[in-house]
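Several structures are given next for inspection.
After this come two complexes, each holding chain A, first together with chain B and then together with chain C.
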Partner chain A sequence: MSALERLAKMDRRVMYWAMLLLIALPYAVPLGLPMQISTYSTEFKTTIDALAPGDVVLVSMDIGLGSVSELGGGIIALAKQLSAQGVKVVAVSTVAEGSLVFDQYFRPVLTSAGYGYGVDYVNLGYAAGDETMIASIAENMREVYSRDYAGNDAASLPLLQAADDYSAYRLVVTFDAGTATGFYARQWQAKYGTPVLSVPTAVNFSYFYPLYQAGSVEAILNGPRGCAEYEQLIGAPGLANQGIDALSMGQLVVIAFIVLGNVAFVGERLRRRKQ
Partner chain B sequence: MIPALESWVAIGLTVAVLSYVLYRENPAYRMAEALFVGISLGNVVVMAVRSLQSSGMNPLLGGNLTLAIPVALGLLLFTVYSKRLGKLSQWPVAVMSGVGVGLAIRGAAHTYIYDQIKASMQPVIIWGDPMATLNAVLVLAGVVSTLTYFLFTVEGGAGGARVKTTGRYFMMLFFGAMFGQVAMTRITYITGRAQLLVQFLTSLLT
Partner chain C sequence: MSLINRREIPIAIGVAACTLVIASYFTDNASLASASGSLQLWGIIIAGFATLLGLFSYVAYNGRQIVKKRSVYSGVAVASALGTIAIGLALSPSSSQYSWLTSNILTPLSMSVGSFIGFFIVSAAFRTFRARSLEAGIVLAAAAMIMLKNMPVGEYLLPGVLPLGNWLNDIVSLGGNRGFTIAFAVGAIIAGVRQILGFERGRVAK
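Moving on to the complex of A and B:
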């Protein structure tokens, strides 16, 4: 069997092992690969910069725990920037696990900054309905959420009494593994002019980028890469920056196997043609 | 330092799941898979019931009787399992479709048509900035050729075919970029687990 044939028939587990080991390497030995900050990540940060203490922001956790390895760094970084500026937060979710993500990653930053529940931040949890739910909370939040995630009466929460519809919110930030960015752009930005900021998973970035270019989305982060840039911009490198070297190694492995696969394929065809 | 119990559980389940791709299917993988499906499903059911309570049942029991209509329509969905009453399930589906389409169309016309056309109608020549001019020309060529690709009613001759081919190339570029982003998303699933494994091993050694 020729080398090309062996390459073409290589056990796929070899690729998986190579991928895992090379991805794990930067966590053991940080590589510190250079990273250029994109203009849209800078715009994301400056949009948040413009918020004043006491402003209210709607944070929509439209991701499950599976997407935390991708956007977790961005979640923590946003919580740090908002709490440093004294901005109040109301959290909702169109995904059943979204409220868990908020409680595990966003809430600890707010509580350590001295935020009080019900006054400075609220986690309303999941509500069914997707776009219908997003349109409804813009008009009357307490009609959709009679109780928050912890089971408290929503009417008893001072923050929700003051921020019951779109008019109280300076902007919306959605952490999005699906289509929520489009829903908020249609139901909050197009209808009421509320700026929408999106932190989509990398796979959705290309899909939402035209909305950003057209102004329907005010600012956007490009998945884990964008989260790492955002962490650097606020001066708090964390979860996303730790993973960005591993991500680069993973991409290199994919590129290497695409090249190897094509070399094997073309080489095999040339050999057969000669025969 | 001895890691906490939850770290052992996380590592055990991570290794069990990875064993499927790094080794082969085995009982540990199947157990981890069953646990994941069960816990995820349990969480979804609890969240869905709480959502129904929060936005439907609590206000209804509190005196908001108008909610009886959507609740009744929702219950009609279950008639799909009855041969005799099955047709009644078409009513809530019709209402959901109507409301969904009505809501989406209003915003979609603004966001996906008006805003997109407005953003595309930019000057092609930007004096003193050749890169911006090149970018604008590429955007114009991409928009026109891609839209032409979807004109099925007009042949357009050899020139039209060339424009359509150009449109296809622009779309292939987009699909390539999408594939790169998909690869990035999939890799992050492993990066999170790899980080956990390295942290765990480091904590055992220190």
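Moving on to the complex of A and C:
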């Protein structure tokens, strides 16, 4: 068997080990690569900067726990910026695990900043219905959510009494591993003019980019890299910055093996032609 | 049941519901908005029942696997689902016990499964991303540029990758995605018009 044939039939365990070791390397030896901040992230931060204390923001956790490794840093960073500015938060979710994500990553930042439940923030939890649900909460939130995630009567929560429909919300932020950005762009931005900010997973960034270009989405973060940039912009490097070097190494491994695969493929084709 | 009862009434209900919701979206009429809001709430309730139906289907399928094949995996799947529901119903999803369950079992498992994708991608990319034609080569090069653009180290490995990647994103990809978005919107409008005119009959009996 020639070297090219051996390369083409490489055992997948070699790739797995290469991936594992190179992803682990930045955690053992932090590389701390400088990063250029994109205009997307700057716009995102500037939009949040414009909020005043007491403003209410709808945070939609449209991701499961599996996507937290991508967007977890952005969730914590947003909670830090909103709490530093005294902005009130109402959380909903179109994904069953979204309310758990809020409780595990967003809520601890708010409570450590002295936020009171029901007055400064509320976690309403998951409701079925996707776009229909998002259209309905814009018109009457307490009709959809008669109780919050903890089982409290929604009508008894002071924040929800004051923020029962779209008119009370300054903007919407969606952490999105699916299609919720489009739902909010159609049902909140197009219909009522409420600005929508999106934090999609990297693979969805291109999908939502036309909405951002058209102005239906006010600002957008580009997946984990956008989250890392946003952390740096608010001066609180955390989860996303820890992971960004590992992500770089992982993507390098993928590119390296694509190149190797093509070297083997082209080499083998040339050899057959000669024969 | 007569043909009118089986076909025409469901079609009429569909036409009325669709017309009402669309009219409400484009007007400021309070009565229309109220009626549309009620219809949307019904939709949310029906979607909630669909989730419940999914649970029944899941338990029924795995139950059959347990009985027929003595499948341990199906046993674990059913026990996990019912156990989680029981704890959530008995103690509330915001209780410390439920939080412990999600923090220590569900979160690590979800993240691990998500992380596995990286390993499968490297193996799949090695075996399938081959420049078999000019078009495939262009797609490969564009994908590599976007990957390099998205990682901080890319700017050092290949200077100029950032503007090139942005050009691919802002011009090439945006053009294609706008085409998809417009096609999707036109398709949705056609589906809506067909529904209003009563041509959508897939859901009614023949």
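A few notes on this one:
Methods note: the second predicted complex is superposed on the first by the 275 of 275 C-alpha atoms of A that agree within 3 Å, B and C clash if a C-alpha of one lies under 4 Å from a C-alpha of the other, contacts with A are read in each partner's own complex, and residues count from 1 in each chain.
By definition in this document, a contact is a pair of C-beta atoms (placed from the backbone, for glycine too) under 8 Å apart; a residue touches a chain by one contact, two chains touch by 3 or more.
This one's a predicted model, so the numbers in the text were calculated from it and none came from an experiment.
Look at A:Val57: by the touch rule set out above, it reaches neither chain B nor chain C.
In the superposition on chain A, A:Leu252 contacts chain C only, with no contact to chain B. By the touch criterion defined above, A:Tyr145 lies against chain B but remains apart from chain C after alignment on the C-alpha atoms of chain A.
Of the two partner chains, chain B and chain C are each touched by A:Thr132.
Contact with both chain B and chain C is seen for A:Gly66 once the two complexes are overlaid on the shared chain.
Touch criterion met: A:Met10 reaches chain C, while chain B stays clear of it. Of the two partner chains placed by the overlay, only chain C lies in contact with A:Met35; chain B stays clear of it. With both structures placed on the common chain, the touch criterion links A:Ala202 to chain B and to chain C. In the superposition on chain A, A:Gly261 makes contact with chain C only, while chain B stays out of contact range.
Residues 16, 19-20, 23, 66, 68-69, 96-97, 99-100, 125, 127-128, 132, 135, 143-144, 191, 202, 206-207, 210-211, 213, 223, 225, 247, 250-251, 254 of chain A contact both chain B in one complex and chain C in the other.
For chain A in complex with chain B, the touching residues are 13, 16-17, 19-20, 23-24, 27-28, 66, 68-70, 72, 96-97, 99-100, 125-128, 131-132, 135, 143-147, 182, 185-187, 189-191, 201-207, 210-211, 213-216, 223-225, 242-243, 246-247, 250-251, 254. If you check the complex, the residues on chain B that touch chain A are 18, 21-23, 40, 43-44, 47-48, 50-55, 58-59, 62, 99-100, 103-104, 106-108, 110-111, 115-116, 118-119, 174, 177-178, 180-185, 187-195, 197-199, 202. The touching residues of chain C, counted against chain A in their complex, run 25, 33, 37, 40-41, 43-44, 47-48, 50-51, 92-94, 99, 102-103, 106-107, 110-111, 113-115, 118-119, 121-123, 125-127, 129-132, 140, 144, 147-148, 150-156, 162, 169-170, 173-174, 177-178, 181. Interface residues of chain A facing chain C in the complex, by the touch rule stated above, are 10, 12, 15-16, 18-20, 23, 31, 33-36, 64-69, 96-97, 99-100, 103-104, 125, 127-130, 132-133, 135-136, 139-140, 143-144, 149-151, 191, 202, 206-207, 209-211, 213, 222-223, 225, 244-245, 247-255, 257-258, 260-262, 265-266.
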